[in-house]
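Labels run A, B, C and D following the written order; every chain starts at residue 1.
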Amino acid sequence: MIIILKHNPRDGDVETLLGSIKARGLVAQPIANEGSNMFGLAGDLTGISEDDFLRNPAVDKIVRVKEAYKLAGRKFHPEDSVFDICGRKVGGGNFAVIAGPCSVESEDQILSVARDVKSAGAQFLRGGAFKPRTSPYAFTGLGLDGLELLKLARDKTGLPIVTEIMSAEHLSEFEADVDVIQIGARNMQNFTLLRQVGALKKPVLLKRGLSSTLDELLLAAEHVMAGGAREIMLCERGIRTFETATRNTLDLSAVPVLKQRSHLPVIIDPSHATGYWNLVEPMALAAAACGADGLIIEVHNHPEAALCDGAQSVTPQVFRRIMTRVNRVREAVAQ
Amino acid sequence: MIIILKHNPRDGDVETLLGSIKARGLVAQPIANEGSNMFGLAGDLTGISEDDFLRNPAVDKIVRVKEAYKLAGRKFHPEDSVFDICGRKVGGGNFAVIAGPCSVESEDQILSVARDVKSAGAQFLRGGAFKPRTSPYAFTGLGLDGLELLKLARDKTGLPIVTEIMSAEHLSEFEADVDVIQIGARNMQNFTLLRQVGALKKPVLLKRGLSSTLDELLLAAEHVMAGGAREIMLCERGIRTFETATRNTLDLSAVPVLKQRSHLPVIIDPSHATGYWNLVEPMALAAAACGADGLIIEVHNHPEAALCDGAQSVTPQVFRRIMTRVNRVREAVAQ
Amino acid sequence: MIIILKHNPRDGDVETLLGSIKARGLVAQPIANEGSNMFGLAGDLTGISEDDFLRNPAVDKIVRVKEAYKLAGRKFHPEDSVFDICGRKVGGGNFAVIAGPCSVESEDQILSVARDVKSAGAQFLRGGAFKPRTSPYAFTGLGLDGLELLKLARDKTGLPIVTEIMSAEHLSEFEADVDVIQIGARNMQNFTLLRQVGALKKPVLLKRGLSSTLDELLLAAEHVMAGGAREIMLCERGIRTFETATRNTLDLSAVPVLKQRSHLPVIIDPSHATGYWNLVEPMALAAAACGADGLIIEVHNHPEAALCDGAQSVTPQVFRRIMTRVNRVREAVAQ
Amino acid sequence: MIIILKHNPRDGDVETLLGSIKARGLVAQPIANEGSNMFGLAGDLTGISEDDFLRNPAVDKIVRVKEAYKLAGRKFHPEDSVFDICGRKVGGGNFAVIAGPCSVESEDQILSVARDVKSAGAQFLRGGAFKPRTSPYAFTGLGLDGLELLKLARDKTGLPIVTEIMSAEHLSEFEADVDVIQIGARNMQNFTLLRQVGALKKPVLLKRGLSSTLDELLLAAEHVMAGGAREIMLCERGIRTFETATRNTLDLSAVPVLKQRSHLPVIIDPSHATGYWNLVEPMALAAAACGADGLIIEVHNHPEAALCDGAQSVTPQVFRRIMTRVNRVREAVAQ
């Protein structure tokens, strides 16, 4: 960490700064450049933030030299992480496809979709039992009954299940029954939940917050990993920008950037990112082309009657075509 | 709600759409304009979202005619809400000032700051016992011990206390001990927590999420109110934009816009919005000038040694000056 | 266009609104929905904007039913546009690759890069003679000398040249010498320049502004086309968001969305979008996968010595590999 | 400027970097911190950008120690600039109010508004003769006829005139006839125009681009000043964000931040920032409270019939009330 001082700081402020550095057990190493004065900090910088010194009137800016994540970062874990989740390999050149409806609605619906996505090549079944909804009056999922239906679909198809946890009150049910616990975009910085889910040491699908930077996503993963879990899939699902043509703006550059900074696999969610079913296919192809480790796609057997997110759900027929074309792209870039 | 069809939709798609509308118990009223076809929907639209029909290939766009919030909206509650919180009036022309440190650090610190902000005119004491931190390695607050220190400060000064809840596991302590429960920006769409806090029927300070629209903030308030609470203060604390000169971008237009749409009081947090203590004063004055119902300001007796957010905390001396000047501005705009 | 009135508007305001509609030669058709009153407007809405009526206190919101672009839109031109530019086909399933340095620096440099990109398969040579630079002290290009060097490179290689116009003072030189006139992101709403360039009736590469919506990009194209030009390539080059890991955020969903709304070809610029040469390849592959009509890539024979944008320029060797892999992806998605 | 190297860079890359630094006439001073290697650069850094070195694979990040603007910055000009424009003082504690219609529409209109705003206390008359419009089919102003009407209004009222230049073709008319030349948000990075206008050495009102950072605004001012002009008013008029409740998001923190970094006066445009006339008053009051040097406000004698921006224009009556209340706030903060 480097602290750059203002032009002509007051002596008293610099003294206070040096005292504050010393009080944190750090050593300030003077640096001179362009007539400005700076200090490099030496010592244990874990837990030290820029904010700790920015208040001092002598300070102009502070630069972090090293990233704040250790477990999620590639530095101390240079190889790609590869997980084995119920016999499916994730990461390290494998491609994970997670598919299913936005919400579990009925036994018929989830079994039908599960069979369809399995036969098209999906390795995991997704489905919401607990749904975060912007309006308090919208359908919020079947709850624990939905979880039972997912288990039934797993029994019938063998597909491991991925579903979102909304609250610590269901930790024990998720620990017992869910194969991959999803943390949604709106809870990406619900730090209490991150740690509690991490402590279960189960595979986690962690979605990027709507306005979270990639470093914040990695720090959220660090929270989960600090809780004990290791099998974290990072999921880019669109960020919020000024553009309204799509529900969110899919940031596909996140794929190579996250893979430079982290050893964790990166999954793309073209359904939430775009909000329109007919944009899912081109974005799924693009994700496969730029090196994503997998996709999570909303599939519904009757999208127009879906209780949520019907606009962005593809039919099983379209999903099958997406799978075929994604595989062709993966072969093309693997050469 | 109006559904605008595409140019030359297929008959089958329109039929499916009409079936879908009917299946939700609604009536579709045909409208013609500019050669396009549209339908107005009549019936109970509570719980109906645009998304329910957007998937249909015949649909071009959907316009919501009425906002989705009822309890938080001004429509059915045209007068400003005025709350009495421990004898302090909030809303309806009253001005609430909440001040205190980012986090409770020690008995000396919280008592010293509480006395200082009280003597300068603050009506509420803020202080974090549980702190959301981006890095898992940063100081996360004193927890329940911090809550005890806040209670002690309340006993000594008479100031009601405002502090953030991070997890449902502390609901009973917050119900028993906290006067105003703060829901932080990162939890604004933690819908489970919103409902659980709402069920306590205590005053709530609800912060706007970093990338939440004002309508989403009002819908989050609606979640809390659907839980049972009525005394909700809406808090603008800066949104995330491309500008990096400030920590966030303070959206002061939120004050008049929220007050047009809602009867709830609007509080401005210039500390988190700007991230720099020397921007707190001008932004506090601006907030008072444009009609805010109050301020929440971070004050620390020794900001350079603060365990968090020192950069944006003002000293008690500066806080006293801000109070004096804010009062002058309030008088100026009250004429 | 539909005008939705507020709940309980004042009679006088509604009368004024109706007068204002009539004064513009339009007819107001009453619509009722959900107890709200609305008007659909009939008549010639060209040149009418939402803004014309929003001021009336009776108006709650206004919805445009039809897009404001006609020449650029797909509605009256359902087939993809295909241009023949110096014998190269652009659009309609053809794939245009434009490559070259950020700025023309010397005869050796531009000839070397031109030969390299041609041999790797590029169909057009790009190179800046006039460079927009954020700092007034940075290198701003060789000007007309740079244009001469581009012409020389065209003579030697046969590659048509693409270069940016910064000012109307060079219209005649660009008309005489440039094959595709580029309008940069910072000038996307320099409406005078748009019309002037359009009047030359030459092929234009129009870059999306940093914070322009896709509809604004199409309206900018409409300005150019209203000037007379028809061969417009739309270019997505990254938008400005809160994320700082990349120079801008590449919005690849723009490809299918623009192609739904417009018949014009869509070119992706992964160099400016990401700002880092090692992100160019994955994003170029993604662009090819999701249906882009071409790429514009910065290539420099010695990027570390480049006078601008060295960080995002690839070497000819890397460019060759990108071309090979992009072609494989194109074959994969063509099946 | 400090260059921070990656962990374990390759020797060859570091050598190349050092050569590249030397080739620019700079000296690299080694710095060690946290086990990372860095270089501080010494020498003439004018014209050097981060981009010049970012391409090198050894480089992790680059930090600019000093801002790139000299003429616009406060460092070499610590006192506030105060201009005398036609006898009106601007900056340094003076408060400039610029008012008038979006566009000049007729002699009656501009004379009527000019008299009204003068009697309410405005010091400058604004009015658009050349209008940038997103749609090519919208009203684009009366052009040179509009300029004549503005001159007439100046003759009748004595108010200096402020109007926007859209193209270099009108430089001579603006030089001869306009008192303050406005450069609009969409042309803030039209660098050719910036320099050309600067060369006239007349007062300039420079509007912030929709997605421009404050440093980019100051660099745009630097372009104008490098052309020769000195009397630059910086104008914040709202930035583009995800929020749609207002036309743009007014960034009032820009006032104190710009005034810390620059000696130039800062003017707030609450009309374009909010897009709604009834938000203009609260935002004008807020601007006055936080230290702005003036306001630019759209006033129309018959806003509902305005040819552009009627929704955000206030009537002369409302403008008069705004002036009264703004003056009260200015007195309150001056104490």
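Note that in this section a contact is a pair of C-beta atoms (placed from the backbone, for glycine too) under 8 Å apart; a residue touches a chain by one contact, two chains touch by 3 or more.
Remember, predicted model here, so these are calculated numbers, not experimental data.
Name the chain whose C-alpha centroid is most distant from the C-alpha centroid of chain D.
In terms of C-alpha centroids, the chain at the greatest distance from chain D is A.
Please tell me whether A-B or A-D has the greater number of C-beta pairs in contact.
Of A-B and A-D, more C-beta pairs in contact link A-B.
What's the distance between the Cα centroids of chain A and chain C, rounded to whole Å?
31
Which whole number of Å gives the spacing of the CA centres of chain A and chain D?
So the centroids are 38 Å from each other.
Give, as an integer number of Å, the spacing between the C-alpha centres of chain B and chain A.
Comparing mean C-alpha positions, chain B is 25 Å from chain A.
Among the residues of chain C, which ones contact at least 2 other chains?
Counting only residues that touch two or more other chains, chain C contributes 211, 240-242, 244.
Can you check the complex and tell me which residues of chain C touch chain B?
So the residues of chain C touching chain B come out as 1-2, 4, 7, 29, 31-34, 36, 38, 40-42, 45, 61, 63, 65-66, 75, 240-242, 244.
Could you pull out which chain A residues touch chain B in their complex?
Those residues of chain A that touch chain B are 16-17, 20, 23, 46-47, 49, 51-56, 68-69, 132-140, 166-169, 186-187, 189-193, 195, 209-211, 216, 219, 222-223, 226, 240, 276-277, 303-306, 308-313.
Under the touch definition given earlier, write down the residues of chain A that touch chain C in their complex.
Listed in rising order, the residues are 211, 213-215, 239, 241-246, 249-257, 260, 273-274, 278-279, 282-283, 285-291, 325, 328-329, 331-333, 335.
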